[in-house]
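In the two complexes that follow, chain A is the common piece, with chain B as its partner first and chain C second.
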Partner chain A sequence: MIFLPAFIVIVFLTVYPIFNVFHMSFFKYNYLSDTKKFLGFTNFIRIITDRLFQKSFINTIIFSAAATFAEVGIGLFLALLFYGFFKGKRLFMIMVIFPMMISTMVVSSIWKTLYHYDIGLFNYILKSIGLHPVGWLINPKMALFSVIIVDIWQWTPFAFIILQAGLNTIPGEIFEAASIDGANYYKTIKLITLPILFNQILLVILLRTIDTFRIFGKVYALTQGGPGNATETVTYYVYREGFTYFNLGRASTASIYILIVISLISVLYIRNIMREEK
Partner chain B sequence: MAGTSLERKGIIFRITLIIILIIAIFPVYWIVITSFKRPVENISPVPTFFPKVITIQNYINVLKGGFFKFLFNSLFVASLSTLFSLAMAFLASYALVRHKFPFKLNYIFLIWVLVVKILPPIVLAIPLYTIFTSAHLINSRIGLVIVYQVYTLPYCIWMLFGFLKAMPVEFEQAAEIDGASKFKTLTIIVIPLTTSGIIATAIFSIIVAWDEFLFALLFIRNPDLLTLPLRIVNFITEYETLWGELMAIGLMTTLPVLLFSGYVYRRMTEGFSLSLK
Partner chain C sequence: MKKHFWVFFIVMLLVLLPFTVWSKGQQEKGAVKLTIAGRDGGYGKAMQLAVDGYSALHPDVSFEVLKLPGASLYEKVVIDMKTSVGTYDVIMIDDPVATQFQKAGWLANLDDLFKKSGKSLDPDIISTAVKLGRYPYADNGTLYALPHVGNVELFAYRKDIFNKLGLSKPAKWDDVLTDAKMIKQSEPDVYGVVFRGVKGNPIVAGFLPIYWAFGAKVLKDGKPALDSPQALNALNFFLKLKQYAPKGVSMYNSAQVKDALYGGKAGIVTEVWPSWVPKLNDPNESLVVNKVEVTTHPGEVEKSSPMIGVWLLGIPKASKYHDTAFDFLLYITGKEMQVKMADEFGIAPTRDSVYKVSKLISKYPWYPVQAAALKNAVGRPRTTKWSELENIFGTYLQLALIGSMNAQDALKEANAKMTEVLE
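Now for the complex of A and B:
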């Protein structure tokens, strides 16, 4: 069966580990001391009442919601703004997608220099117009916001391109007909563009929600979850429990909570995809 | 068509266009100039928009610091994991498109593939780490190639499935009537017909593997086996960051991928939104 190699690899790399995580979430298991003890649901209660986990969960929700909202909102705005044809459009679009083509680690490096408190460009600009410098990544109140900005910069082009492609499938005649009927610009958008684009918008929202929910690299490179735990996300929490403290049981339990949230998003996503498939 | 579509002009439109463009590419400009500045200039509290003295010392240091080693690791891992994924995904997708499966197994499998694409990889990291440790696949490029299948395989299956489904069955039927074997039908008919799809899938898969960070971080401790993203992170998290060298290695890591921008843009506008990501 030519189907088997892929099937076996998928089962081995994903199905088995998930059962394993589920199993381990009921144990106290430390990799270093190699002690394993059955705990029942204790981990589940401990994790969900853990202040740090709650904080990381809230951070993830804020990050995911704010970034997705801004990316899709700005992307839609740009798609509408740059609808139609102009000279150099192709080149313009290709340069606009540079941010999403750059490797996340490189993106993080650039922003880390721009955000730098002493030598960063942003603080230099603030100081030169007479404002106080901002601790972009070192002020606990700012750090999460700063990470969100980086994600917006990197991924708005994605929303922009997809929505722009969707917009271009709408025949120009529809807009002409609408303008002959006396519809103004905003009415055209509200009554024609948005309904036609609805599925695409939904899809981009889902894709961005999924992707922002799994954020790890940016946090690792920019803030390491800090300052304090201001930018700790759930993925970072699992990483720390599992690979710094080697509490595999606790890390597994936290993973199960992530899985629960993801499965809710999956249902929406898969329904959407399967509808498009048909 | 062109006749009915809007031609955009006007000074305000032009200005907005330029502002957007600056926001999008300014950080790229910043990498380039920073990489050509001397270390002193890079830690000056007054940033300069153009290097006072242009130096290529940063690049020399990066190249001397083992860049080619890391480049080789990245290339090795990205290309091999893509190659394996393509082969397995092609066969599996072909089976999914052309064969009957009992118990809706094909349907379940495809949905699972989508779920894996959505899954935050950290969720799989702990059991995989344990398995790979006991199989001595930690600190090994091959281990990384295997674990990258978590990303590249679902990706390739989903994309190739789309391409293969769009292919008419008649050609294969004709080949079969002419007495061609299954293997021959695949190699002479199906693969040539889907070449552009296979190339697209390969490019996207290579980009994904090229940028991968989490499993590289967890599975590679040996400094000789670092991939480029890992080497970059080491630069960032070092106590005293060498900004010029960081930007030099960043630019060299990104440039090959940036060259694909035009291609990626075309694919994305052709309605590949579903296969992406």
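Now for the complex of A and C:
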């Protein structure tokens, strides 16, 4: 009985909406015209064979993998670099977390100006040192990576902070003992630091993978999925189907595909943790 | 426990009952609060001006004005009207989506409200703009919204550069191509031509006056008509024009086009909206004071085909204050308020007489041209699926613009996708 209120809240806020999305995914349902027609699995087949969805899915995988890998890698490097106390550390930490504190729309506006082909700072610098300007957001081969760079700039501090906190929980005696036993810096990292930090690293990878998989704001503000479909992502696809066209059936189906992928990633992580605990 | 609950319930009921009676009495007495869902930026400021003016005349009416970006406004009003919550009493509607709202029966019938108030629609309001608020889209369709902002697409060029190079106002789109080429060759710091290239609505809005002038149609007898020779000619022309545009034109939206125009970087701008140019002759804002001619588009196979893009005002059926909201609509679309909004914020009028106010003409010398364009403008196809069609068209146009597809394939694929949507 004691869990009943919590159970009711979970049912209404989580289970019911998910059930509703599942239910709607089997229908052709346009919210504007109120037309609802049972289609069975047709939406699932149509979405998965839709070239725009396929492109969006591939872009999302590339975005998620590249951004997560870079953010965790750079975050770990910085955490190791700034391990321990040094003068001005507090100020440094404030500066480091600053990008995370700014809203995505503001970050995107700033970067959009920096990336501008004709008047942007980056191309100005390139031109001033005699190099060719780069089509950061206008070149289909470059645009997705330009969006990834913005995400790395904004969210590497997150990885850094979590891993820094994890590092601080390792007793200093372990490092002292390793040093007495003759372990050099790289051996200490490989054999002591990384194995102890493994769970935190896994946690950051999970959180960043889930977050980057849902990338929306930066694409919306920087490229709107363009040029062409070069930066289309699955959440942007769902947004457009759901809130621009109000095709709730198709939007629900696409959401289920996202849910499946995120659930798979989460299960992999949880299995790893459980194995560790055993 | 049960007994306590019922005692508590009855006490609360007795306490709250007087409040509900009191609030109902307040409504009947005329203490009205109108909630307006409108746009941000200059449109929002103009709305505030009208709200303040109306409140001064009617102290019993208060307002809450939501100033929202276009996409957010659309989402909010759709969800509210669909659920008949009645949060909003007046809403701003972009004309292509008006058809959806009218067909769904979400808007109050303004013909009925005119009858009820004993007033009639002022013939001073330009009929092409009024027609967009009617459903079916015809001169005798039922009126569901009044035109608030008389946006129409215009064309601009640098008359100082044109004079220097001995060029005259382009009569045909082919002349634009020649002129842009000459500007690029002789003025290294100026782009021959500038337009919006961002996919979706921006590129479509920029391209349609060319497309229509080449004799092409988006829909013919309700079916997509992008696979016509006229459409191909128009897109091929657009791609030729791109040679003289900035390299990054595929990411140019209104801000970038305005920057290029105000900063003296654009020789020709194929798409100019009235709200972009009110400060063109203000030396504090512009480097091209009195150097830009704002005019109508050239023609080609067809006559000049500027696109109309009016912002309408409607009253959701679920609103509780139809009469007050309707009175406010008449006030904001009245001549006096339109003159003020045009003067202070450059809001494009929808009344013929406002375009003849000498104070405004001296400030915006292109007003006679703008009025003529508004009267002859072409509306986007009236379909409930316009958002989807526009997005498809805009995506494939941009794919052609960035060279990822050739013109023929882009149009063919866009046509097939549109057919799928309409089926």
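Simple rule for what comes next: the second predicted complex is superposed on the first by the 252 of 278 C-alpha atoms of A that agree within 3 Å, B and C clash if a C-alpha of one lies under 4 Å from a C-alpha of the other, contacts with A are read in each partner's own complex, and residues count from 1 in each chain.
Criterion: a contact is a pair of C-beta atoms (placed from the backbone, for glycine too) under 8 Å apart; a residue touches a chain by one contact, two chains touch by 3 or more.
In this text the structure is predicted, and so the values were computed from the model without any measurement.
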Which term applies to chain B and chain C once both are placed on chain A by superposition, clash or fit? clash
Identify the partner contact of A:F243: answer first if only chain B is touched, second if only chain C is, both if each is, neither if none is. both
One more residue to check, A:L78. First (chain B), second (chain C), both or neither? first
Does chain B (first) or chain C (second) touch A:P140, or do both, or does neither? second
Can A:L32 be said to touch chain B (first), chain C (second), both, or neither? second
A:M93 in the overlay: touching chain B, chain C, both, or neither? Say first, second, both or neither. first
May I ask you to decide whether A:Q224 touches chain B, chain C, both, or neither, giving the answer as first, second, both or neither? both
Touch check for A:V21: first (chain B), second (chain C), both, or neither? first
Touching A:D118 in the superposition: chain B (first), chain C (second), both, neither? both
Who wins on chain A residues touched, chain B or chain C? B
Chain B versus chain C as contact partner of A:T104, first or second or both or neither: first
Where chain B and chain C land on the same part of chain A: residues 31, 118-119, 224, 243
Considering the complex alone, what residue numbers of chain A touch chain C? 31-34, 116-119, 133, 135, 137-138, 140, 223-229, 240, 243-246
Sites on chain A touched by chain B in the complex: 1-3, 5-7, 9-10, 13-18, 20-21, 24, 31, 78, 81-86, 90, 92-99, 101-114, 118-121, 124, 153, 157-158, 161-162, 164-166, 168-169, 171-173, 175-176, 200, 203-204, 207, 210-211, 213-214, 216-217, 220-221, 224, 234-235, 238-239, 242-243, 248, 251-252, 255, 258-259, 262-263, 265-266, 269-270, 273, 276
Chain A touches which residues of chain B in the complex? 1-2, 4-9, 13, 16-17, 20-21, 23-25, 27-28, 30-31, 34, 42-47, 87-89, 91-92, 94-96, 99, 109, 111-116, 118-131, 146-147, 149-150, 153-154, 157, 207, 210-211, 213-214, 217-218, 228-229, 232-233, 235-237, 241, 243, 246-247, 250-251, 253-254, 257-258, 260-262, 264-265, 268-271, 273-274, 276-277
Spell out the residues on chain C that touch chain A in their complex, using ranges where they run on. 71, 74-75, 78, 82, 100, 103-104, 198-200, 246-248, 250-251, 256, 259, 384, 387-388, 391, 395, 398-399, 402, 404
